[in-house]
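Per-chain numbering from 1; labels A, B, C and D assigned in written order.
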Amino acid sequence: MWRYEHELDVRFCDCDPLGHVNNAVYLSYLEAARFSWWRHVFGADGFTANGFIVARIEIDYRRAALPADRLIVRLKIDTIGTSSFGIKYEIANVRTRELIAEAKSVQVAYDYTAGRSIPISTDLRARLEAAL
Amino acid sequence: MWRYEHELDVRFCDCDPLGHVNNAVYLSYLEAARFSWWRHVFGADGFTANGFIVARIEIDYRRAALPADRLIVRLKIDTIGTSSFGIKYEIANVRTRELIAEAKSVQVAYDYTAGRSIPISTDLRARLEAAL
Amino acid sequence: MWRYEHELDVRFCDCDPLGHVNNAVYLSYLEAARFSWWRHVFGADGFTANGFIVARIEIDYRRAALPADRLIVRLKIDTIGTSSFGIKYEIANVRTRELIAEAKSVQVAYDYTAGRSIPISTDLRARLEAAL
Amino acid sequence: MWRYEHELDVRFCDCDPLGHVNNAVYLSYLEAARFSWWRHVFGADGFTANGFIVARIEIDYRRAALPADRLIVRLKIDTIGTSSFGIKYEIANVRTRELIAEAKSVQVAYDYTAGRSIPISTDLRARLEAAL
């Protein structure tokens, strides 16, 4: 069901005075997985040719992650529109397998040179569909 | 309509290789405003007596913020349930007045000593209602 | 003695599980002050014409800063060489006036287009000397 | 010569508008290695029994690290005093083996309950000496 996985270690500085990972940092974990997947699909310079901007994120926090936890972020393409596409994620603890968070993000295909959103290209659509 | 405002400066390191504020950092801006409001309402040690955990966040990115921009985060209480409450936010550019992002968060009243969610106390409810 | 001051608020997420500002974050405070000073001296696009890279930082931590503290970062030019210059800083608590940290950084004038260090220009030298 | 190694991936959000890892983030990399080593030597709750505070850091930046780079942080104990000890580090790119940064940090043994520095215990000294 999930189409890509990315593992990472919780850094001490990812955690706040409550002792667990700060809620903003989970979005960096989503980004790390998304960035890794994008490079996997499009190559190291894929972002230049196939840029996007993040338009929306929603995240449900299920359980706290702690310093030195190893996490896995799983993702798959959720929806593909004319100029936007959705990604669904889950973050789990590698050792305990407990679910840490669930999230969705909406991306808009974007031409960074022109500074405006663009339709999803045929090539991009094909690659996104492969990850549905 | 908005019940509390908090201003902050975009730090250079809040911005990523795309040149604008990284999408995760906006959640830190929401937190800065929420934290400041909480201290305003409950006092400096209010978090100990009236703790909560963030259960969900949704955010729509409207426009990029840049290094050295001064932003204002506005918030108000959106919903009050048995043990949870919602906060609504907007982030705007102080100088240009442009809307940067809109967001909602759901918090659950939480007893950090016992490690479990608790009903919203009468006192907390009264203070939240004042910020509806 | 100090040539430029920059105030900032400690964000909750700047703090780690020990409850105080994480030691790496103080370098972001130095950067915020340096960036603000650079814009003050050279204008908003000054970095393009007069770029530099940070080659070295040393910092002594004197006292912990806490969430919601308001800090002031003071700086002055310390040394000017052929292609590098040093900045000296102190960070203090605005309310209590206590010293939080002292630091030095060494910057190398850098041509980002050519990707190499360059001699400090006459213009840059004059402006740095004004902040000695 | 080096006594402990810790590998990590550069996150996209570790990088700033200049396109490379922000200079403050390297201190988080040092911390990640130090934290991992401390847990290796003292166990998961070692920090409670053998706490310390970071008193000083100096770092020389040799070469920029980029998004998705895999880095290795190597460390060893450098000096052991009455109540403080020094750690020496280098950060290198795993794939290219290029040196990214060299650093030193000074830690002071600290009793977090009492809120004051303490002499290095016999046990701590023995373990530090093993990593000289």
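Here, a residue touches a chain if its C-beta (ideal position, glycine included) is under 8 Å from a C-beta of that chain, and two chains touch if they have at least 3 such contacts.
On a predicted model such as this, the values are computed, not experimentally measured, just so you know.
Between A-C and B-C, more contacting C-beta pairs join the chains of B-C. The greatest centre-to-centre distance from chain C, using averaged C-alpha positions, is reached by A. Distance between chain A and chain B, defined via averaged C-alpha coordinates, is recorded as 23 Å. Distance between chain A and chain C, defined via averaged C-alpha coordinates, is recorded as 33 Å.
Centres computed as Cα averages put chain B at a distance of 29 Å from chain C. Of all residues in chain B, those that touch two or more other chains are 12-13, 18, 22, 24-25, 28, 31, 67. Interface residues of chain A facing chain D in the complex, by the touch rule stated above, are 8-9, 11-13, 28, 31-32, 35-36, 39, 44, 67-68. Within the complex formed with chain A, the chain C residues making contact are 12-13, 15-19, 22, 24-25, 67. Interface of chain B with chain A (complex): residues 18, 22-28, 31, 53-61, 112.
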